[in-house]
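The same chain A turns up in both complexes below, where it pairs with chain B and then with chain C.
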Partner chain A sequence: MRQINPSVKVIAILASALIISFSPSVFWNAAIVVVCFASLLISGCMSRKVLNVLLPATLASLSIFMALLLRGSSGKEVFESSGNFLVSASSASDIGDAAAVALRIYAYAFLGMLFSFTTDPQAFVYSLMQQCHLSAEFAYGVLAAWNLLPMIRREYSQTKLAIEVRGLKLWPWSLKPLSTALVNSLHWAENVAMAMESKGFDGKADRTYYLNLHVRYQDFVWAIFMIAISMAWIWF
Partner chain B sequence: MPSLLIQKTAMGNNACLIDDVTFRYFEKSERNILEHFSLSIKEGETVVILGDSGCGKSTLANLICGLYPENGGFLINGSVKVDGIEIKNLPPRKRREKISIVFQNPDLQFCMSNLRDELRFCLENAAVEAKEMDRRIEAFAAAYSISSLLDRPFQTLSGGEKQKASLCVAMIQESKVLVLDEPFANLDTASRDPFLDLLKQKRLKNPETTIIAIDHRAGNWTGLSPRWVVLGDKGKIISDGTSFPHLKTYSAYFTPVPAPTLSDADSFLKFRGTLIKPGKKEKAILEATDLSVKPGDMIVLLGPSGSGKTTLFLTLLGIKPYEGSITIDDKELRKQKKKDIYRDIGIVFQNPANQFIASTVLDEAKPADIELLASFGLANYSRYSPYMLSQGQQRKLGVISMIAGKQRLLLLDEPTYGQDTPSTAAIMKCLAERTGKGLSVIFSTHDEELASLYANKIWRIRNGRIYETDKSIG
Partner chain C sequence: MKWKLKEILFMAICAAVFGVAYLGMVYLGAALTGILTPSGWGILGYEPIYGVWFMAASFITYVIRKPGIGIIAEMLAALLEVLMGNMFGPIIFISGFIQGVGCEMAFFLTKYRKYDQTTMIFSAIGASFLSFIWTGIRQSYWNMSIGVVLFILVIRTISAIIFCGFGSRLLAEGLAKAGVLKGYAISADSEDSYGK
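What follows is the complex of A and B.
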């Protein structure tokens, strides 16, 4: 998975996600989940991170599953039936619909993980520049900001503390530390931009790339495979 | 040795020619940062430009590199030529061949996540072929023995290592002029030396490279036997020559404040068998068995960077967990509400811009009045936004607003960071007056001179322990 060109990967995954949002098929939605799961397993990306994503995803898909089950597509209020027969009263097609939607949420979660866990952010930015002709100024700006994040986080918590020490009560929705962080970030952005410029970066001139990414036929095969699975419900 | 090399090449061409430059930040403002400033620097020379903060040193560095006026300010008059070409007319890529720079703040110079990637980024900018890049980086790393730095994430590097990495980035560009803008602003002596060693190697390997360093301390640079240029207000050249300039030290600015009369009063803050931890589940990094703070104490906290000075402050503010006991007025710290702790203890962080809550300097300092602002030289700025002040001025304002809060104990994290001698002296003097009236201060620093001049107690951190040492032993 790590070998697939990042731009092709993102396009195929976005397309898949768009297509399955129309899919009513339990089987093919499950197939996407299985394929993604297998790919993650092969790429050696099975870790705590996967659980961290799956936990909220499971919550969301379970609650949608129950909601659709109890008030199915037939539009009839199932609460009319007595409590004990609640589930059995809902028709078989309701269960199918609910499962399809619930699995779809799972599929989204897995597609997202498939991209984010198997793609190096730097390679992704390189690929966006080389395959999608994103401007170098924007791309390197994003990379620089990405690498500044830990510092921004550290300074933000310090700002909150400093303001509290001044005797101001801070609520989670207080804007004061945010505006301070914003002023600081503007200042840093300026500094980093000047540092980049001093290293000869001007975004316009021709530059070489250390990583030269190409789209190979395997990338196309993989993309077609992914999109085909997501479209299979139309034909079968 | 380096001085010999300088003499050999000093007959060469002008590497950098600054001619009658007048520069200001706002087009219509009356305040010029540099006024009719001229300086010529020969190829292969090592020049150290000294001056107090606000004299236009950093502005000058940015002008020489062509970063100003492109990124800010207005060049009203004059020209800056590097290697015979007007620098502001060159695109960044051509400029890089002439000149490269190491900035003050080690956290704001990199756009990649480690040195190897950052070096590649530079070579990409120079349109070097991909195959050639690795060869050059390896050759460079071998020549200067910096291979161990290449793949460590920047986040895990110390400030000194980051600055060294930044020097590597500047060096691999093989520019004719190397500008260093206060690279040691927040480094202790120990982390300064590897940087200087690297620079000396460069000097030996490429005697034709011109080195321009900017600083407010001369002591950092004596090993390079440079030409010293001392700047005054608006960039006026006060002295220029090869003999070591006699700059004022802290003691020249400091009139001893009478020893606090209250200091035999009972200690209000006590550490007893305290273990300080950076996080709940982490191991303790600092041990304080028996320390106490009395009213009127001026305590300096000395220790290498990363030894836990900031962590100690955060513990006192109730942010970090600890084992054992820390008491304020015999009440256990961890049992007190944060609000009550903050009534007793205030802090000024390294980056004072974090703590501003008002939109003007005067409001920020309230309930302090304009007179206190004036004693810090800030009266003229009372209607400015705090964010428009220079970093040195911001720190003064941070201290004023904390004094105004009337806490009993004030914590200062590295008050000398980015500060010149007079500003530091002004802050410390004001604090010394307050301690005479019963305020207690703990400040962290790695500046031994500052410590011995102002503190009445020294707390040293060594091997994970904080202990009080006699002042005379130092």
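What follows is the complex of A and C.
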């Protein structure tokens, strides 16, 4: 998995995620989860990180499952009932639909993990430049922001702390820390832009890369395989 | 369209800051989802903070004021999210594109001349409606009762109007007043209006 070209990988995963958005099949959504799980196992990416993603994914898919079951379009009488009676009141087709959509959320999460756990961010941006002709200005701009992320995180939490130290109440949805954190971050943006320009950075010039990525035929085989599984529900 | 390096870095770093801020609020949504799930209303959990998703695009559009910037800003934000390891992975490129188009529509209809409160609100509504259609496909809203679906749309639109329509604009005006946004379109425009 790690050897596959990042651009091909992102396009294949994007395509399969888009296709399964329309899939009503429990079986094929589960098949995608299984395939992604196996690929992650083979690439040795099973760690606590997987749990960190699966926890919110489980919550999201459970909430949608319950919403479809209890607030489905065909279940008027369900509103009145309670307890175990709820499940028996919903028809079997409702449960099937709800399970398909809930599994779809899992499939998205696994497709997402399949990409993010097996791809080096730096290599991904390089590949976007070399294979998808993303302009160098955007690519290095994003890389600069990505590398500044730890500082931005610290800035944001320090701002929140500073507000709390002054004894002011801070609601989780307050925009006050955001504006303070933006002030400093925007200074960085300006400084980084100035630094890049003074180093002679130019988006137009031909560049050489220390990391050269190519598309090989294995990449296409894998991409076709992934897209074929996600399209299988149309025929079977 | 010619982009200055400064503007690109502005977009990327804004997207990063908004991404970090969003993560701070996600816990709120997760807690709400957890509480509401047994009753079947859990799907509403993230809706009150949904507007924060569109904030990067509307804030950046309001500051830089160029055609197409909403879409590019959202795509950059999506790329950053993917790099940060977002739960949904590359599919948020599509979400980002759709939300960017939603934000952009209001400005496109005014031919990129008006950047005022009304346009900002309509831009927020556009983003909310388009993203609603997209999540509707992904989560099969047609299988839910019409009341729940309308509830989702209403809460999301209110959240978008509060965070993007008013929040982004206040944020941008505040930062412009603090002098951080010198050299971007927003401060050039407001200097004109003060007759400097």
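Everything that follows uses one rule, which is that the second predicted complex is superposed on the first by the 197 of 236 C-alpha atoms of A that agree within 3 Å, B and C clash if a C-alpha of one lies under 4 Å from a C-alpha of the other, contacts with A are read in each partner's own complex, and residues count from 1 in each chain.
By our rule, contacts are C-beta pairs under 8 Å (C-beta built on N, C-alpha and C of every residue); 3 or more make two chains touch, one makes a residue touch a chain.
Just so we're clear, the structure is a prediction, and the values are computed from it rather than from any experiment.
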Partner chain(s) touched by A:I163 [first = chain B, second = chain C, both, neither]: first
Partner chain in contact with A:A38 - chain B first, chain C second, else both or neither: neither
Which of chain B and chain C A:P172 touches, first, second, both or neither: second
Chain B versus chain C as contact partner of A:V183, first or second or both or neither: both
Partner chain in contact with A:G200 - chain B first, chain C second, else both or neither: first
Touched partner set for A:V192, first chain B, second chain C, both or neither: both
Chain B versus chain C as contact partner of A:R153, first or second or both or neither: second
Partner chain in contact with A:Y210 - chain B first, chain C second, else both or neither: first
Chain B versus chain C as contact partner of A:S63, first or second or both or neither: second
Of chain C and chain B, partner touching more chain A residues: C
Contact residues of chain A, present in both the chain B and the chain C interface: 144, 183, 187-188, 190, 192-194, 196-197, 201
Complex contact set, residues of chain A against chain C: 10, 13-14, 17-18, 21-22, 24, 49, 53, 56-57, 59-60, 62-64, 66-73, 75-76, 94, 97-98, 101, 104-105, 108-109, 111-117, 121, 124-125, 137-138, 141-142, 144-146, 148-149, 152-153, 156, 160, 172-173, 175, 177-179, 181-183, 185-190, 192-194, 196-197, 201, 203
Chain B-facing residues of chain A, complex: 122, 140, 143-144, 147, 150-151, 155, 158-159, 161-168, 176, 180, 183-184, 187-188, 190-202, 204-212
In the complex, chain B residues that touch chain A: 62, 65, 67, 70-72, 91-93, 95-97, 100-101, 103, 105, 107-113, 117, 120-130, 133, 154-155, 169, 173, 314, 317, 319, 338-339, 342-343, 345-347, 349, 351, 353-357, 387, 401, 405
Chain C residues within the chain A interface of the complex: 3-6, 8-18, 20-21, 24-28, 30, 33-34, 36-43, 45, 48-49, 76, 79-80, 82-91, 93-94, 137-140, 142-148, 163, 167, 170-171, 174-175, 178, 180-181, 183
